Amino acid sequence: MMSVSRKTTAALTRSAMRHILLMTIAAFALLPFAVMVSTSLKPADEIFSDSVRWWPHKLAFVENYNQALSTAPLALYLLNGVIVTLAIFFLQVLVSLPAAYALAKLRFIGRRIAFCFVLFCLLIPYHAIAVPLFIMLYFVDLLDSYSALVLPFTISVFGIFLMRQFFMGVPDDLVDAARMDGLSELSIVWRVMLPAAIPALTAFGVFSIVAHWNDYFWPLIAVSSDGYFTPPLGVMAFRNAEAGTNFGPLMAAATIIVAPLIALFLLAQRRFIEGIAFTGIK
Amino acid sequence: MAALNIQAVAKRFGETDVLKRIDLDIRDGEFISLVGPSGCGKSTLLRIVAGLEQQTEGHILLDGRKVDAMRPRDRDLAMVFQSYALYPHLTVAENIAVPLTMRRMSTLQRSLIGKIVPSASERRREIAGEVAKVCDALSINALKDRKPAALSGGQRQRVALARAMVRKPSGFLMDEPLSNLDAKMRVQARSEIAALHRQLDSTFIYVTHDQAEAMTMSDRIAVMIGGELLQVDTPDQIYQMPQDLRVAEFIGSPKINVAAVTLREAGLLSLTARGTTNAIHAAFRPEAARLTAESEGIFCGIVHHVENLGSDLFVQVKAEGIVDMVVVRTDPAGQRPALRDRVGVTIDETRLHVFRADNRRMPGTFRLERRR
Amino acid sequence: MTLSASQNRAGLALMAPAAMLAVIFLLLPLLAIFVLAFTDYQLGDRTLHFIGFDNFRELADEPIFWTSLGNTLLYSAVVVPGSVTLGLVSALLIDARTSLRSFYRTVFFLPVMASLLAMAVVWEFMLHPSFGIVNTALKAIGLAPHNWLKDGDIALYVLAVIGIWQSFGFNMVLFMAGLSAIPRDLYDAAEIDGAPNAWARFSLITWPLLAPVTVFVSITAMIRSFQVFDTVHALTQGGPSKSTEVLLYTIYAEGFEFFRSGRAAAITVVFIALVVAVSLMRFVSFKKNGKPA
């Protein structure tokens, strides 16, 4: 028994060391969130004092959040975020799924070239083609609209690639059985492949929604009137309007903008992390 | 060389008892098999002996020394894993060298810098020599520079053996080392391992779920079921004098015939339908039974199926009212019963085993009452 | 014959929408970049005027371009090792069958999920010269405070720290997936073979078996680091005195603030070359390891 306890002591020390290190990293990861939430609850005089306090003497929750919501139409920005990300994801699925199915399961002329093109486009970040996209939308007079925010992302080569890889693993027998049952190729996509692809589609959905909810570069270029602002643009607009000194409401605004995705993440964290890992490794 | 004592070792995971106070003494140089169905705790026991897992209670003694607090590397035991666990990025020769480099070279010598330390290159040469010797012994010299992925199952198994042998451990622990081989390779590897044991003269503890492996290779067999050690004996004793109904049922292929019986008077048993709880059971192996004319059998039944293995003919007889099916071994050269024939079955009563309701063997001699 | 003909038709039909959109929103813009780079096009012009390599010649002569390229590479040289190492260390620490495993994983992943722009605004507040928490903490332990984002010598490194903060959780998740693919048996074998300590196990098994994942994660991290923009635009606008000017920010300024599309396209060509070169490294490294992506 003595020997067993000796082994346990060593294990305990190791485990304690591990937790100390992990807690340090966790503090680094959490610090900005803690500062954000804590400041959003503080009245101005406490923010400008030079002592570190996490919980305010006098709670200014109502004042700060009220001011944040009344100074800028944050709810509208959030709604824009929802509209834009969902529209993008919906259209991406509508376009990518048939293409991915064709690339995975149908023999057609140009399939190889099409797949090589997909692989090639995977290398190009969208930032690289922002200039011509902008000029194009300028000439068709679509800048500063929901279309400007959504249209360029309706085609996702990454989505096509990801779903194609997934469909490659779906047995041919399943497709042949559906054909025997008299389904058309298009209805095979929606009635056979789509249900089979839910895990991959979820992963892609997480990837797409997180990317476009948080995207700043393209909305910054594509829209200028604040009726179309997405959440990140909203935070910037708020900061610039407040000249960056009214920190209580600013942090309240940041909290409001960050909260929805974080809440979603905390609710379904395994799905999110697996989705990102899955799309990350491809 | 090592003698090994397992003293009252128990292992619990939460509420479940994986091992229930196991006592087992293994002699120096012995080949002992731990055999049992999957989940019986045999692999856990092996991992406790190796030091990969900590027992909840009890002690492990190596040559009389308690090693409970000793790490695996200090126990001087080698292990061959079911998956072989070869390092996939190292060549065969590098794989076999690992136990030596880990023990004889310092962290610095093993590192990249170690390549330029003169003492390290001397060590490396000495290790390479020992690796070559082991490769010769197992005739895997030609494979030395290959990666494990480029080897067949049988070759991998040899490399795993070589890695275990190279540091001349005092004992070998083998965790189902043949279960990933095809049937033909397995028979060949069986005799090779047995030969290796004779030659190395060191202690082997061999875990398997395959009773044929245990029967063919071991000095002694330890049968484990449900975390308990039911019987430890020579293969002959295990087969001919099972001390527990579950041992009798686990060892032998085809399976031993079991029928529920009631004890009439001193030593006289009568067959009853199986399934009655708290019943006494009689068991007899297929070779202890013989087909007779319908009128001469202890009981009779209908021939349900005939299995011809070439050397033996196994006849399945459906004996109404007693057991589901009785298997009788006959000589293929002799007379063959036809399907649906009515036949009688007699049993060599000297080879009849009787077990109490708690599954333990009931001593004594028994006769079977003829069933009319 | 008829089957393959009908499959061909179906395949083309199903590809058609994607192909059409890909041409409009990917292929044409990509070609346009390489055309615009050789023009002096400004937004609104109705005609193209080709000027050969003038854009590139001008860029080569301008220190600002080289500063921008240099800053991008320097940023990358800090963020990639930083976030990959921190990601790997976190994954290894968590993987050792730690309790609170999912707590740590969630916490480390939070910065990946949160809008970087919003969090950049929070960082700006934390780094505030007079009442930011960073300077307050430094003062409390007797160190000199800094004006973090207004000091040209350190501003880029400050952005790099934010970059590491934001991305190490992503790398950690990829490493955790890689670690879970290493068979546990190997660690048992190493234990039996006499690996004396955690370092020996790491160098014998974890590091070599994780090598393809490490290469992949590093390259992904590098490509992502080339795309740094949000923090620069929100916090420093490339300053002070161009010390945080990075490629994507220069492209943005040229293309969308000064509307000099031709010059922006020329810088974009350099940006694309950089990204593609690093991506191709990945294919090369996979070929060498004999393992597909």
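Order as written gives the chain letters A, B and C; numbering starts at 1 within each chain.
Criterion: a residue touches a chain if its C-beta (ideal position, glycine included) is under 8 Å from a C-beta of that chain, and two chains touch if they have at least 3 such contacts.
What you see is a predicted model; the values in this text were computed from it and never measured.
Engineer: Looking only at C-beta pair counts, which chain-chain interface has the most contacts?
Structural biologist: After counting contacts between each pair of chains, the winner is A-C.
Engineer: Using only Cα atoms to place each chain's centre, name the chain farthest from chain A.
Structural biologist: B
Engineer: I'd like to verify one number: the distance from the centre of chain B to the centre of chain C, where each centre is the average of its C-alpha atoms, in whole angstrom.
Structural biologist: It comes to 55 Å between the two C-alpha centres.
Engineer: CA centre of chain A versus CA centre of chain C: separation in Å?
Structural biologist: 16
Engineer: Check each residue of chain C and list the ones that touch at least two other chains.
Structural biologist: none
Engineer: Under the stated contact criterion, what part of chain C meets chain A in this complex?
Structural biologist: Those residues of chain C that touch chain A are 4, 7-15, 17-19, 21-22, 25-30, 32-33, 36, 43-44, 86, 89-90, 93-94, 96, 98, 100, 102, 104-119, 121-126, 130-131, 133, 136-137, 139-140, 165, 169-170, 173-174, 176-177, 216, 220, 223, 226-227, 229-230, 233-234, 248, 251-252, 255-256, 261, 264-265, 268, 271-272, 275-276, 279, 293.
Engineer: Show which residues of chain B lie in contact with chain C when the two form their complex.
Structural biologist: Going by the criterion above, the answer is residues 47, 50-52, 71-73, 77-79, 81-83, 85-89, 98-99, 102-103, 107, 110-111, 163, 167.
Engineer: Which bits of chain A are touching chain C when the two form their complex?
Structural biologist: 15, 18-19, 21-22, 25-26, 28-33, 35-36, 39, 47-52, 94-96, 98-99, 101-103, 106-111, 114, 117, 121, 123-125, 127-136, 138, 151-152, 154-155, 157, 160, 184-186, 189, 210, 213-214, 216-217, 220-221, 231-232, 235-236, 239, 244, 247, 250-251, 254, 257-258, 261-262, 265-266, 269-270, 272-273, 276-277, 280-282
Engineer: Which chain C residues qualify as touching chain B in the complex?
Structural biologist: 183, 185-186, 188-197, 199-200, 203-205, 208-209, 211
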